[in-house]
Structures are given as structure tokens and as C-alpha cells.
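What follows are several structures.
Next, two complexes with chain A in common: one pairs it with chain B, the other with chain C.
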Partner chain A sequence: MTDTTLTTAMPAAALRQRLPPEALRRRQFFALGWTYLVIIGVATVMLGTFLVAFVASLKVDPLERPFRLAFDQVNPLAWVAAADLGRQGAGDPWWGGFAPGGRIVFSATYTAAPGTEIVPPDASVPRRRPGSGVAAALTKYYAIDYALLTETGSADGEMSVTDPATGASEIWPTRTFTYEIAFDPAKAEGGPWIERTPLDLSAPTGQQLVASTLNPTRFERRGRVASWDNITPGALGLVFNNYRRVITETADLQTGNSLFAGWMWNSLLIAVGRVAMTLVVASLAGYALARLKFHGAALIFGLVLFSMTIPAQVTFISNYLIFRDLGLLNTPWAVITVLVVGSHVLLMKQFFETFPKEIEEAAMVDGASRLGILTRIVLPNAMPAVIVNAIMAFQAAWNDFFWPLVLITSPPSALTVQVGLLSLRRSYGGAQGDWGLVLAGAFVSIIPVLVLFILFQRYIVSNQVSEGVK
Partner chain B sequence: MHKTKILLAGLSLLALTSAASAVDVRISGWGGAEVALVNGLITDVLAEDLKAADINVVYEPVDGDFSQFITNALSAGTAPDLFYTDIFWSRAAFGTGKVEPTTADTSPFAPNLIDAFTYDGKVMALPKDFNTLALQYNKDIFDDAGVAYPTDDETWATLQDKLVAIHAKLPDVNGLCVVPDYARFAAFALGSGWEPFNAEGKTVLDGNFKRAFAWYTGLVPAGAAVAAADVGEGWTGGCFTKELTAVAVEGAWIIGGIRDGAPNLNWGTARIPKDPESGQAGNLIFTVGWTVNADSAVKDAAQKVAELLTSEKAQQWVLEQGLALPSRSALVDNPWLQGDTPEQTVNRVVFAGLSDGNVEPFFFGDLGGAWMEPINTALNSVLTGEADVDTALAAAQAKFDGMAAQKQ
Partner chain C sequence: MNQRQRDHVVGYLFVLPFLISLGTFFLYAAVRTLIFSFTDYNLFNTPAFIGLSNYVAMLRDSMFTLALSNTLAFSLIVTVSQTILALLLAVMVNGVIKARGFWRTVFYLPSIMSSAAMTLIFLWLFQRQGLMTELVQFVVNARWYIAAFLAIFLAIQLALVFNARRRYDGVSLADPVFATVALGGAIVATYLLRLGALLPVYDEQFLISWLNTQARVLFLPQTLWSVALMNVFTTVPTLMLLFLAGLQSIPVALYEAAELDGAGRVRQFLYVTVPSLTPVTFAVVTLGIIGTLQMFDQVAILGDAAPLQSRITLAFYIYANAFPEGAASRIGMSSAAAILLGVLTLIIVYLQRALGISDKVDR
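The block that comes next holds the complex of A and B.
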């Protein structure tokens, strides 16, 4: 009994001294090992899902089953092919396209069991009408109206094919067909730049496509048709096609301009506005509660704490009605002023309480006012707390979905990016269609928060006051 | 400086006069395939008529939950002048008193659609189009499996046999993706002769309903279907466009999904199969109308835009885009509908769905979508193996009884 009391009451340093150095080292080693494992475990889970989502956002079909980690968008050989095709199509290896003067050479190799004749596939540049969304409304030019497709030749070859059942190898004949897709010279003058050049190659069922300049986007009709959404993507156009679509397919129907940049700007404006208001309110209130002695201070502090326990949904309708009566609906001001600063006030108050009173008293002796002390002495030394508050407020405002959704409904250009992302859903009969677009949009929307963290992370760990006192 | 002032004054005067000459009417509908349709109508098909009427239409499509958007916008006073109303949640909008009855002549429209939008004796929306369910099938899959295509006279049993045969021959393909959703299951539930509301206005899940329910949920263990969620899809059309299944049960909206996901698909459409016992097929009517906002400052212009958007000329064009069927009775004999392309076929069959044996609008009175919830939960619990048919239906019936009791 005495022993236990003694042990628990003993300072940790004394306990450590009693352990032999080797045992201590072993203990430290294991503690370190466990911590390390836990951190790696958490990071794997967090980062793993993040990475998988990012990889999926590059795919044509993020829902594909089984989930592949090797596909054209992450294959450098495909990037080179796509860049080359982009250059041939529109002289742009990065974003590709099909423009006057474009002349694309495209080849496809087919194989069939020995004895089966390999016939030339039926090749065509189809008219791919987008089925939904703004793309369906705004697509004006189709490659089919400008493309001249000719088969320029074919070459015979052979390849070794392994029977998956028996494991035996066999030599199968192959035939490589080469096509030229040229921008019709008759329509070249003033001809448009076309983003996509689709291609279909249909072959009989016994005949398989084994290689092509660029892998097909998908096989359709149970392998009968190899289908390319775009044979002139350019390297970036291939990898970041969904990202490009986020920009092009959120266009304003009247002007044709992309709304996405506007949404990012609105979000930034609202987030900065909220950060500014949060900082002003939180530092003033925090300082008053930490330093000023006045009647009801405890009650006010209690109320601030209490406000943190009220869910936003409880005050939702009354807040909404107030904004409506003030005529602030559909303005960024409504979202900027929906503030919940309880936790920020608390954080600032705690920080101000640790600030050496002597420095403030010295300033007071020198004739500084309370506000002067706060703005000239305390706040400049409270940068870590201010920045942590700013980052938290920025992140909360940037990610806020609920308030922008209910307070800003129209016009579409006034939305924030989080609400704007909703319009990337392509629905057919109420079902979600286009996950690639949603994922890509979500990734673009996290960039500002990421940048903010990378820029300011050192402020979160460093503390100038503690450094100054050393 | 002086010159700038004059210039500015001149410009603002110009802006004022141009604003005075054309009335701005804000209209709103949902996104997806509708964007191209409405945009095409206002910028192309109806451009001249709108100009003649001195109306400038500002179109704001809303992707996401439209009913929530419109409820929010109506209560905020920021709602568009003219907007979509789905009969599904129409009562929630009509009941607010923020909706203006239509002033147009409703006689050229299909009477059952007009009935669906009648509230308190007044027609509150001009139906713009409608859809029903049909059975789409992938011809290549049926060919590869050596199974005959579904016909218009299929019964549940014969369809199931075909789907089982396909899965047996092509193990990587399933027959149908089943979804725990009344909006698809109703095609079979109604075919059994069951009615959503009996003479007393109550929902009774009777023997007919149970027969349909057991057949639909039994498709998975029978090897004729797979649950859509199990192959990572949310709708029967998603499985269909990826060639994971041989058939789908959707309306003409599937065309948008096919254009985006499988532009070369070789497909056809047949009527919803019949219940072998009742000998009837069932179907749902989905319809959407244009509704004028009662608080709009330009109500007359909005009524005019609604008339133009549902005019014969507009509907003819929409029909030829292949995405929705016209609500005007005169257009039913349109020659376009007699064509043989897959898109024309699906529209023709969807149109024929109106004359299936037991057809109900996709509408559940004041209860709205909440009415479907017990059935969807029951479907889900059986499809996921959490409950058997009897337990799931008993739970659903208890919920319906609770709803009826609450109403009283």
C-alpha cells in the first residue's frame, strides 16, 4: 500500500532514475516504436483514402470494378502518346484538340486465332453528343463534321499468345491498321478548335484489339467496339480530363464562361470576411474576459461557453428569418455574418491569460490605453494564437456547406464552391452519374486550405512568447 | 472629367431603356439532361417568339435537390418567376399559397396529366412532359447467350427464365440490377392488381403486393438479378450501360446515361412484363410541370413563357431530342415516334406504358415521398438479407398503419 502510494506520488524523474539504463532505453525504444506504428497506421488510413480518391478522380470511370491502380492516366508511355497525338491534332502537346491543319496518324493492331482472317475494322469518327449537363447544352462543334478519316495501310505480323487454361504458347497472326484523320482542308478557314476527337473501331467478335496508339477509353458491345472518347487529348488533357471538365462544364449558359473560378472567388471572399470578423470579435472578447474586471464577466464567459453547445440547426430558422428581413439573402454578407465564435473567444482568452501581466503594466505606466495595449503589445505577441484562430476559422468557413446552401440560392454565379460542387452531379432519373467530375471538383476545392496549412504550419508549432521568455 | 460624366449618364440611360423594353423572366429547372433541352428551347426554338413577346428568359438550372431549393427559395422570396414542379412533391409547393394557377388553356394537354396538377380545383402547373417505365435490353448480350429478345408480351416468369438463362450462359453478366426503390418496383407491384390506396385511402400490403414483392426480391437468389449496390451502381441504367446486366427498368431518361456511358450500345426496349396471375402490367407516370411563382413581379410574362415552353412547337422539338414525351395529346401520333432507332423505340414504348393495365401517377397525396419509405426499407432489408419477406412486409404494414393513424 505504502509502495503504491509512494510510486504514484513520486515524480516521474525520480522513477526514471531508479530504472537501470538498459531497461529505460528498452522502454523508451518500445514507446517510440508504438507511437511510430500508431502514427503510421493513422497516416495510412487518412492518406490512403485520400490517395485512392485522387487516383479515382483521374479515371474515366471512378466506380470501375475491380479498382485498377495501373491505367493510362498514370502511365508515362500513354502520356507521351497522348502528347504526340495532341501535337498532331492541334499543335498542342499539353491540352491537345483537333484544329485546322490537324493530321493524326493512328494505328490499331488486331489479332485472331490462326485460320481466322483478320478483317479491317469498321472505323468511324462518331458524333458523341454529351447526354447531360451544361456540356450537352453548349457543345457546338463535333469532330465528325470536320474530320476526314482514311485507312492508309495495314501490315501483317505475329505475336505469341498464351492459353490461360493450358499455359501453352501459340503464335497468332496480327494485322496493324493505320488510319489518318485529317481536318477537312475545305473547312479549315475559320474552322473551330474542337476539344474531343472520338473514334470507334468495330470488329467481328473473334478478332481482338491488342495494341493501339492510345488505349481505348472503353470496350463496348461486349468487346465488339473499341471506343475512344478523345484520340487527341494531349498529355495534360489525358491525365486531367476530369479536372478540365470541372472548368468547362460549369459554364454559365448565357455567357459560356466557366463559373468555377467565380465560385472559388466567392468562397475566398466569404472565408476572408469570416476570418476577419472572427479575429476582431474573438480577440476583443477574449482580451476583455482575460484582463478586464467587470460585473457579469463570469456570466458572459458562461454564455460564450454555452453558445458552443447549441447546434446550428437550432438557430437556423430564426437566423434565416433575420437575414431575410434584413434583405441579406443571396448576398455574401449573410454567410460572412453567420458566426459562431465561442471556441475562438475561449482560445484567445486562454492565450491572453498566459501573457505576462508585467509587460502590460509597463505599457500602462508609459501611458498606453487598454486598446493600445491590446493592439500594439498583446496582439503582436499573440500571433500564434491569432494564426491558429485564423486557420481554424478559414477552414470552417471554406468548408461550410450548410449556410451557403440555404442563404445563397441564386444566381448560379453567386454560389460558393462547396455548393457549386453540387452542380457537378450529372443525374439521369434521379441517380448519380458522373463521379469523376465530382471527385475532381472536390480535389480542386481543397487546394486553398492545403496551401494555407503548408504556408502557416510553422506558426502552429512555434510560440514566440515562450521563446522570448527563455 | 465632364465628358466621362456625360458618357456615364448616357450609358445608364441606355441601360434603363433596354431594361424597360424587355421583361426579364427567371426560370429554373433541374440539371442533368434537362439543361440542354431548356437551353435549346429558349436560345433556339423559341428565340423568335420570346423576342416578339419582349421577354428575356434567364435560365438557372439547379443540380442537386430541386424540391429543397424551391422550398427554400419560395420562403426566402428569391424563387424564380417560373419553375419546375414534379407531381411527386407538388403538394408541398402548391400548399404554400406561393403558387399561381395557370392561365393557359389546358384542354390540349393529356387529361390525366392535368388532373395530376390540379389542386383545390385549380390547375397549378402546365405539364411539360411525362415518362413511364419500360424494359430496356442489350441485344448483344441476348445474342451472345443465344436467348430470344424480350417481347412486349413477356410475363414475370418468362422474363425471369430468360435472365436466368443469360446468367447461366454468360456468368459475368447478370439479368437485371434490382434497386430497393418503389419508383422501379412499382411497375411490378401495380401489375399484380394491388392499389397503393384502397377505397378508404389506406395502404394495405395485400396478397397481390406480397406476390410482386416476393418475385422482385427473389430475382437475386434465383440467379436472374443482382442488387445494384453490390456491383457499385445506384440505378438499373448504370449497370445496363456498363453491360453488367442484360436488361434495365427505366424511362426514356436512360438515353442520357447511354449517350454518356455507352454511345455504341446496341439496345432495344420492350413493355414492362405482366404478372402471370393478373395478366396485367403496371406502370408509373412521372410528370413535371411549369409553375408560376405567385410573388413574381412579372407573372403575366411568366405565364406567357410557360405557354411557349409547352407549346406544340416546343414539344415537337423536345420529342425529337428523344429525352421526354410531349404532354399535348395532339403529338401522340407524331411520325417521329414511329421510327426504329433505339431512342425512338424507347420513347414509343414509354408512351405505350400509359395504357398498361394498372397505371398510377408517381404521386402520394400529402404524404409525398415519405409514403414510399416503408416499402423501400422493406425491399432493402430483404435484398440485403436482413429480413425475410413476411417480416419485412409486416414491418412496412405497421408503418403504414402508423401513418394512417397519425393522419386521423
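The block that comes next holds the complex of A and C.
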């Protein structure tokens, strides 16, 4: 208050003063708010991209425009309906299917302008091949060969329709048709489990489908044909249809085994092999460089740094030839042994240097050998370093693309998952491609590393951060 | 043998497995590549010495010059922009979030993803009719409203700041209280404009070829700009964490001293923050250079989704010469390019190291 009275009495040039303390505090408070806004913005853009991609990976067509955020796969009501249908089809509310004893009740409601008669749609179980490519060739059983489709009744009703142009409300008649799709009892004995039960309902123009037990997968022929890829998906089968497809539809033509599952297994094998090798080699070398004084240690250290700068493209031809001459191309062994574990050696060396010497010296007095000290005393106390090394080695091996690409080229079943993703992209990732399958593959491939990250994140992150600062 | 001699022997034994691996898969391999670069070899014949012919042929190959310029431009753009962005972000959020804890986990997340999975997600995002196109379409169609929003925001902010400056000293242009008022005002005003439909909203539909195009923007193919965007997007959060850790180890006394000397926020940033962060910056830039010079995975996964000349990098040129589709291997050419890439990486990294160190000494 006194400030303001002063200012009015003084000439303009001398009026300017510092902001009062409470205004400064308010500014600090608001600045904090803006900072949080920035952080949340960055995090949203970053994580949001993955989240949106994940949501899209559940869609029938991830490239649909406009991009919807509400669709059956994220709608709990549809989950319930799908679980119910799965239970009716094969007694499995989770993954559904169509099996002997299955009896599915399915209803569809149509409407038409007043005065138009609503006729029963033409219902059929089509012989639809699942997906594209190899899976279609490997499908043995089709629902059409086992399904008996009957119309069990219809009920009249009415609904209120709003004219979009005038906004006026009108009462339109509706008619609900109920169908029963049963597994043919004559073929029930030893009958197969069938993953999908497709359904087509074809109605005349002017007659619109307004509701059904499960929303149709798509409309064909200008909306006259409502088409379901699978009316017995089960809850998980509905939501994670693309994820099931990426496993089942990438089948090996000869053996019928899932290629994608095989790729995951190969990657796992290679990653575990690399972790084991890295731990042994890096512990020994790291310990030697940290503790044992021998000629050439500095030279080796320099070489390690040098090797970390040189790209793999400089060494891959020779390494390819080595494994070709050994007959180890296209085997996991090539990828397991090829990498030089320089960064891991450095990491172990750094850790061992901080380990108290006195403990080792005491053990040495007791007559323990260096190897005994390393394996019985140092390593058991070096668990954080070992864990960090193991996880980083696993992550690097799992995510590695270049070496598996060079060293494992055939047969398709021998690839690792990262190179498998490339072949998935080639087969399905075109402009009109099956992007649901591609995205599902990408997300499945992340799972192992993601799980490790969540379990051990406090080790990984702090190490990465401190590594970078050094 | 005494303990020292024993340690000597044991030391050699312990490093032996590592030395074998380093010797075979790195040293021997690098030397062989150097030798191959002077020979004519297709993986099946006996290598024949042909002198410098491979290097000459390589320098005459228009694909090689393209790959080289693409690689250098890509490396420059990605390294510079990711370093600056990460630094600015770190400075912005410093004091609010720690280099540890929840946010650290969140910002670290993108860096655990494989480049293959990441590239597939971005490929989907950058499809002609994809989400990126839809985003651009939205911005273009709503351009008048976005412009109006920004104009109103700026007008309110400037009016408030200059009004306050008549009476008070030290009111920043980016005053947070006024900015909040301006934001609220801009939101309300834009909403009212939209309610009254006072500005046009367009309904243009378009497709954008982000990747499958031969277009060049400045000195880099458009396809590689898209890849650069993806690289920056995935690395910035993690690099920001590195800078944050560095920032939080700068003694507060330095800033207090600078403030006593009358340095403002900008000068404090330039003369205290930036020099103190030299070691971190050095690490970030080195990581960036090494990573971008050998950029390969993204290009290979793009594959036929983009024309070769729009996506080729040195690393891919090397691979494509060694394993060309439907042709005999040109190991000589591949090796020559590989040697060049190796030397290039070393030169740039050591050049940067030399500059970085002298920079530190100057201050």
C-alpha cells in the first residue's frame, strides 16, 4: 500500500521498482506449473505414440481414417458379448472357437423407413480363408463344413430415428432376427476345434443393420452385406485377435509350426547364450584388468575403446567367412560368439576397482587362488554389476538386428525375431497391408525386454545414467 | 614364483578368452577387410590383388557419393538436434524432476525398444494415409483457428507484460503468471470464435508420401528426414536424463556467484550451465555420432517401402554391396566403403574429442 502511494508522488522514470515478494512467489509457483505442463506434454507425446500404436494394433485395420479411439476391441460390452459367444461356440469364454457341441445364438436387428417391409436377410457361413499368405494354405477345417445355420425366429419393434438434415425425430419399425448356428451332431464325433466362425448377412438396400450380438467386422457391397470374420472370438480372441494371428498365421509351410513363436524362441536362445558368454568372458577380463598387473594391460584397454568406436560393418565380411568356413552359418552359435564384449569388460573392470582390496588380500594369505577369489568372494559380492551386465547383454542380444541379418539367412524358421519383423514387414506391411499383424508382431517382440526392464529397472537406469556422465 | 609373477600369468590367462574374441572378430576381421578392399573378391573366387581400383570405382559410383552425403547430413542433423533438444528439455525440467525416480523410468523407456520394432511402429505412423498425415491434415484444416489462438495468446501476454513493465522492473517476456492468464484467455476466445463459426474450417483430404518418395528437402532425402525425426524422438528423452544428471551435479554456488556479478538467466545458461556440462555434452555427442554414422537397421527395415536412393546410408551401401539381391557379391567395393566408414568415424570422434578438450582448457 505504501508503495503505491509513493509511486503516485514520484516522477515516472523513478517509478519502476522490483516486483513485491508475494508476486515473485506467485511467479515461482506458476513457473513450476508450466514446467510440469512441459514434462507432461513431452511424456504424452512420447508415451502417447506408443499407446496409440498399441491401441491401433488391436484394430482390424490400424490404418483406418479417421482414426477412432472407440471400437469393439476396447469396449467392455463387446468383451462380454464375445466371451458369451465363445462359451456357446466351444465352452471357452477366453479364446472362443467352434467345437463339437457348440450352439451359438446370434441375433441381428434391422430397420427400414416406415412403409418398407423388413425382409429376413440372406444368412450364410462363408468359406472364408483366414488372413493371407501361408495361413490360408494351411487351414484344414472350415466352419462351413460343420455348421448348421437356422433362423429360429424374429421379433418386431420400433426405434426413434433422427433425420440428420431436419433434426426431426421419426419412429421407424425394426425387426430382430435370431439365428442358431450349431455344430453338426452327425460330424461331432472326433470333430475338430475351429478357430473362426465367419458369418455374412445380406439384406436389400434401404434396410439397415442397427444392432447385433457382436458388431460386424466390416460392411461389404455398399453396406448391403454385414460380414463377421468370427462370431465366436471369446473375450481375449476379440481383443487380441491380431496377436493370435501373428502367432498362428506366420506358419512354416512344411512343418505347420508357428514361425513367429520359433523366432522368439531363437532370440531367447541366442540372448541367453550371449548373457552366459558375456558374464564369463567379461568377469575374467574385467578382473584381470582391474587387479592383476601384467604387461600390455594398457594396450588391451586402448584396444577395447577402439573396438567400441568401429562399426560392425567394418568387420562383418571376415566374420561371415569365418562362420561359413566353420559350417556354423545359420546356427545360433554364430550370433552368440561373434560379438566382442568390450563395453561389458569395461563395466566389470570399473566395478572391481571399487571392491575393497583388503578382503582379497586376506583370502590370499589363506592360500586362495585368484580364480577362487574371483568366483567365491568377488563375484558373489558383485551381484549388482553382474545383473546390470546380464540385462544389458540380454537387451543388446535381443534387440540386435545386424549380426542375425548377416549370419542367419535361411531357413525362415532359423531367423531371430528382429529379422523376422523385417520379413513380417515385407509380407504384410505395404500401403494396403495387414498392419494389425505387423504392429502386433512389433509389440510381442518387445515383451521380454520390457519384462526385464520392469523387474530390474533400478539397476539399468542408474547405470546408464552414470555411464553417460563419465 | 612369487605373487607378482603369478599374477602376471593368471592375468594373461584371465584375459585370454576376451583376447581371442577381440583378436578374431575384431582385429583379424578389420585387417582382412583392409586387405579385401584391395582385391577383387565375390566370396567364392580366390581374392585377386587389384590395387586401388575398388576405391577408384567407389568414388565414381554415384550411389556411394549419395550414401556418403546422406550419412554425413543425417549424422549432423540428428546429433545436433537431439543434443540441443535434450539439453533444453533438461534445463527446462531441472529442479522439478530428479534424474532418478518415476520420470526417469518413463523417459528411459523408449531406449529399451529394438530399432526393428521402433521402425515398424514409425512406418505405420508414416504411412500415406497414416496418423501423421491425419495430424498434418488436422493442423492444415484448422489453420485459422490455430493462428488465431497463437495471436490472441501473444497479444494478451505482450499487453500484460508491457503494462507491468511500466511500473515494475524485472518482468520477463515469458512471465508465467501472465502466460497462464494469456493461455486461459486464448482458449476461451478461440472457443468463442469456433462457437460463432467466425473463421473457416477446411475439409481438405490428402495423402502424404512421407517415405516412398524421391523428394529431397535441403540436403537430405525426405525419407531420411522422417527417419531422423524418429531417431530424435526416441533418443531425446534418454539423453535428457544424462543432461539432467549432469545439471544436478553443478554446484549452486556457481549460479549464485554469476547472479551477484549481474548475469541474467540467458548468460547464466551460456556461461555456467553449458561449460559445466562439457563432459556430458561430449558423451552425448560422441554417442550420437557413433550411432548415426552407422545407421543401418532403420534403412534395412524400410526396404522396398522407400526408393533406394532416398534411404541409402554408408552402412547400408556396405551391406548391399556384400550381399546384393540377385547379383554376385562385390566384397572389394564393400570393404573399401567399410574402411572409409571406419576411418571417417575415427576422424570425427577424435576431432570432436580434440576440440572438446581444448574447449575445456580455454575456460
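In the analysis below, the second predicted complex is superposed on the first by the 347 of 470 C-alpha atoms of A that agree within 3 Å, B and C clash if a C-alpha of one lies under 4 Å from a C-alpha of the other, contacts with A are read in each partner's own complex, and residues count from 1 in each chain.
Here, contacts are C-beta pairs under 8 Å (C-beta built on N, C-alpha and C of every residue); 3 or more make two chains touch, one makes a residue touch a chain.
Everything numeric in this text was worked out from a predicted model, so none of it was measured.
In the superposition on chain A, A:S307 makes contact with chain C only, not with chain B.
Of the two partner chains, chain B is the only one touched by A:R222; chain C is not. Partner contacting the larger number of chain A residues, of chain B and chain C: C.
Residue contacts after overlaying the shared chain place A:A53 against chain C, while chain B stays out of touching range. By the touch criterion defined above, A:R175 reaches neither chain B nor chain C.
Using the contact criterion defined above for the overlaid structures, shared-chain residue A:S410 touches chain B, although it does not reach chain C. When both complexes are overlaid on chain A, the residue A:R274 reaches neither chain B nor chain C. Contacts of A:L63 after superposition on the shared chain: both chain B and chain C are touched.
With both structures placed on the common chain, the touch criterion links A:L422 to chain B and to chain C. Overlap of the chain B and chain C contact sets on chain A: residues 63, 65, 320, 406, 422, 424-426, 429-431. Of all the residues in chain A, the ones that touch chain B in their complex are 61, 63, 65, 126, 128-134, 136-138, 198, 200, 202, 218, 220-222, 224-225, 227, 253-254, 320, 324, 329-330, 406, 409-412, 422-434.
For chain C in complex with chain A, the touching residues are 3-4, 6-8, 10-12, 14-15, 17-19, 21-22, 24-30, 32-33, 36, 43, 89, 92-93, 95-97, 99-100, 103-117, 120-121, 123-125, 127-131, 134, 165-171, 175-177, 179-180, 212, 233, 237-238, 241-242, 245-246, 249, 279-280, 283-284, 287, 290, 293-294, 296-297, 300-301, 303-305, 314-315, 318-319, 322-323, 331, 334-335, 338-339, 341-342, 345-346, 349. Of all residues in chain A, only 7, 15-19, 23, 26-27, 30-36, 38-39, 42-43, 46-47, 49-50, 52-53, 56, 62-63, 65-67, 280-282, 284-285, 287-289, 291-295, 297, 300, 303-304, 307, 309-322, 337-342, 345, 364, 369-371, 395, 398-399, 401-402, 405-406, 418-419, 421-422, 424-426, 429-431, 435, 438-439, 441-443, 445-446, 449-450, 453, 457, 460-462, 464-466, 468-470 touch chain C in the complex they form.
By the touch criterion stated above, chain B contacts chain A in their complex at residues 26, 28, 30-33, 35-36, 39-40, 58-64, 69, 72-73, 75-78, 80, 140-141, 144, 183, 231-235, 237-238, 242-243, 250-251, 253-266.
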